[in-house]
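Please find one structure pasted underneath; my questions will follow.
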Amino acid sequence: MAMDRAEKLGLGAALGGHVVLLGAFALGMMASTEATPKQESISVSLVGEIAEVSTAPDAIQEESAPPAPGETAPAEPPPAPAPVMQIEKPVEKPQARPVPKPETAPPVAKVAVKKEPVKQPPAKAAPRPVKTAAVTPKTTKAATATGKGTTPAKPGGLSRSFEDSINNIGKAPGAGKAVGTPAAKTATEVRRSVGVSIAGQIRSRVRACAPSGVDINKIETFVTLSLEPSGKLTSVRFDKQIGLNDSNQPQAGPLKDCILQAVRAASPYDGLDPEYHDVWKTHALRLRATG
Amino acid sequence: MKTHTIKMAVLLLASTALIAGCGKKKVDVLPPAAEGTDYGQTPTDPNAGTGQIVPGSQEDFLQQVGQFGDRILFDTDRFNVDVEDQAVLQRQAQWLAQYPNTRAIVEGHADERGTRDYNLALGERRANSAKNYLVSIGVDASRIQTVSYGKERPTALGSDEQAWAQNRRAVTVTVR
Amino acid sequence: MSLFALHRKLASFLLLFLGAQAAIAQTPPPPAPASDEPELVEFDTSKTRSIAVPALVAPAPADTPAGNSVALGRQIAEVISSDLRASGVFETQGPNGLRAISLSEVTSPQFDYWKARPVEQLVQGFVRVGGDGNLTVGCYLYDVGFGNETTRLGFNVPPREWRRAAHKCADAIYSRLTGELPFFDSRIAYIAETGPKNKRIKRLAIMDSDGANHRFITNGQSTALTPRFSPNYKSILYLSYVDGNPRIYVYDIDAGRQRLITQSSNPTFAPRWSPDGQTILYSMAVSGNTDVYKISATGSGSPVKLTSSPGIDVGGSFSPDGRQIVFESDRSGSQQIYVMNADGSNQRRISFGSGRYATPEWSPRADLIAFTRIAGDFRVGTMRPDGSGERLLTNSWQDEAPSWAPNGRVIQFFRTAKGSGKTSIWQVDLTGSNERRLPTPVDGSDPAWGPVLP
């Protein structure tokens, strides 16, 4: 049926209004992204530290090039400047252990940043699906029978759960993965079993590198893992250590480095159900030595 | 517990090696030379009777004051001179009065059941206690020196109360 | 589709979007409440870490006054391995039983080979003899599990000091993996004992921290006691009966000469250095009463009397910052531990446990005070400088006189055997583990540990 002039005008106004609104919300979303408090930067030892610095005092000459390979006797010793065994300063406390590979590859970092407002706070992962689910049935009722149809272009930062929710418009309630109160219970159970799984895969690795010391069992180390649905670790963030005192302070750094390395080494993590990735995409850990 | 009637299986008596105590020696080089050796113990039997005991000598002193008359004993961590000790010290004072040209060194000792520095201090206390009493009954203070050996020179070798009781002692050694 | 249907679709999408935005906007990230704290993951730290130390490569074998560099490469690895094993933190492999490594491997390890052994850490290195006759020793630490290098260091030493290069390597490895400060490259002064219980011969002696390079300083004609290295290793404070009385001397190691620290005719004992080596703490008995004094280490100036109680005040140890002194006193009726300012003020008791407390020593890390506790047996323990947190580390008939390794992680003491009175030197980790005897040529007592050599 042909549109008359009034309808055309009305449609134009309606469309224009929607565009404006969409734009406003997109902008609003970005604004709220920046308003989210900045997370602690991942404490990572730079690879560069190995090449630059040895833990020995300054005057000790460091090998700057590998020894000449093979049987050809080198003309001069590899360390070029005059090495003397005088130490002017006491030995520095050891640096944090280096990370085997760079921590933040750009796409990874971007994902991490963008996911921040979504993952914040990890503990609230349960309520969010509830809210989304609360919205969905309403819109499901309001929507026509048209299912996926025209999924609009995603604004920046729209999480997959929203995509899924949108795609689920028109489906029966409960077909989506986060529907009503049952989702909250499931999320808790999921988190707990994920916690057990991850802990088991980290524990033996931490044991292999954890330092011993007086009051070592007073230190609690908090880290947060960011995980892909495959169980692969995209990043780990050191949050804090508590329980430090004069006697166990020397072990704080090595313990933290050990835990970070163990977390990385255990990736990819087995036994994490991709269906509940939303729940465990970030996972907080609290570790402490026994004894 | 201290008692003078405890019989010792072997009597190790102290004989004096001349201690260069007249004045402090400045030691230039180590290891030190033969002089200035510290107190050594060699067993002698004053009752052997093989030689004549010179009056005023250490052997004479030991003979005069009788067995164990050259020492007083103390309780753990104590350094007081009790009535029994006074009797012993009086006999010593009498001998010293007899031979006014002699001097005496009072050694203070402690048993092994103490830490080293504290025992050196305790031995010094004990030696001074004995000296103070001797002075109080008339011996000229300038005739008496003290030296502490802490737990370095036990006389009884066991690790039991009997041995320790004998090692907590102040021993008077006369010097010509 | 009709326009209205399209409109409805758009509207529903917008509503959804709105709702989601509202959801995000209305849930700002709060700090995780306590009930949401992550569950505790526990792990134990008792496992020693495996580390392989193959012989260091000598790429151009040459003779030195200390032996051929090939042999030195093996000996250096042995010292590194022994040090790490002695610390109790590592379980070591090699150099015996390990294959020789090639020079190229030194900087390019065959990680798969080492991983399969298995071993977690790997030390590789080389020894070169320079044109000047000095050795260049390079050592590299690798993490086998991660397949990467942790640290590398190089040292240039005269051949006769090859052991120091090994200790420095071991120190760097130990430090890096434990977080502790180093302590292997240091010397120990102690009293070597021989003879029967009632006629002990006691000689001043010094040695490396692992017992090597042992040397007698005195010949035993006079009893020597309680030595202490000066912080610069140039002198030793000790007690000698060389003139018949207990006197404290400063012995100049290079010159082979000694001098009295004070001309007083009173007996002096229990000598200690201040951390900066400028002051000597000692005890002196005047008329039978012992107090703690300090005097300038140069011998100039007069002694300063720090205590004056009628009891025995003896011993003492400076805090690492030199501002406080911990000492023992029986002014309360039994030996207990007291702390005072370095000028003698504010003397206060800190030991209130059951038993007597003696021989206090302040850790170079400042966090703890080591002591001998006497309650029947003599046991070595630690407490915080305020007297709290008492922990006993040993349990034997008579362990006494603890002193600290320069990193404040290991305690050294001597043990007397009941009956025979024979003495031996022992070490124990601050956690109470890894109690081990330090090998000495004869019996030993009064061990004192010097700082890490520069």
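Order of writing sets the labels: A, B and C. Residues in every chain begin at 1.
Please note the rule applied: a contact is a pair of C-beta atoms (placed from the backbone, for glycine too) under 8 Å apart; a residue touches a chain by one contact, two chains touch by 3 or more.
What you see is a predicted model, and the numbers here were worked out from it, not measured in a lab.
Looking at B-C and A-C side by side, the one with more C-beta contacts is A-C. Of all chains displayed, C has the C-alpha centre closest to the centre of the whole protein C-alpha set. Separating the CA-averaged centres of chain A and chain B is a span of 79 Å. Remark: chain A and chain C have CA centroids separated by 40 Å (rounded to whole angstrom). Within the complex formed with chain C, the residues of chain A that make contact are 3, 7, 11, 14, 18, 21-22, 25, 28-29, 32, 35-37, 50, 54-56, 60-63, 66-70, 73-74, 77-79, 82-88, 90-91, 93-94, 97-98, 100, 117-118, 120-124, 127-128, 131-132, 135-136, 138-139, 142-144, 146, 149-150, 152, 162, 165-166, 169, 192, 195, 199, 202-203, 206-214, 216-217, 220, 222, 245-247, 250-255, 261, 265, 283-291.
Remark: chain C residues 196-200, 202, 217-219, 221-223, 225-226, 241-247, 249, 251, 256-260, 263, 265, 267, 269-270, 283, 285, 287-290, 312, 314-315, 328, 330, 334-335, 358-359, 372, 374, 378, 398, 400-401, 416, 418-419, 421, 446 touch chain B in the complex.
For chain C in complex with chain A, the touching residues are 1, 3, 5, 7-10, 12-21, 23-25, 27-33, 36-47, 49, 59-60, 89, 103-104, 106-108, 120, 126, 128, 130, 136, 138, 140, 143, 145-157, 161, 164-165, 168, 171-172, 175-182, 365-368, 384, 409, 429-431, 433, 452, 454.
Residues 12, 19-21, 24-32, 34, 36-41, 77, 79, 112-118, 120-122, 124-125, 127-129, 132, 146-148, 150, 152-155, 157-159 of chain B touch chain C in their complex.
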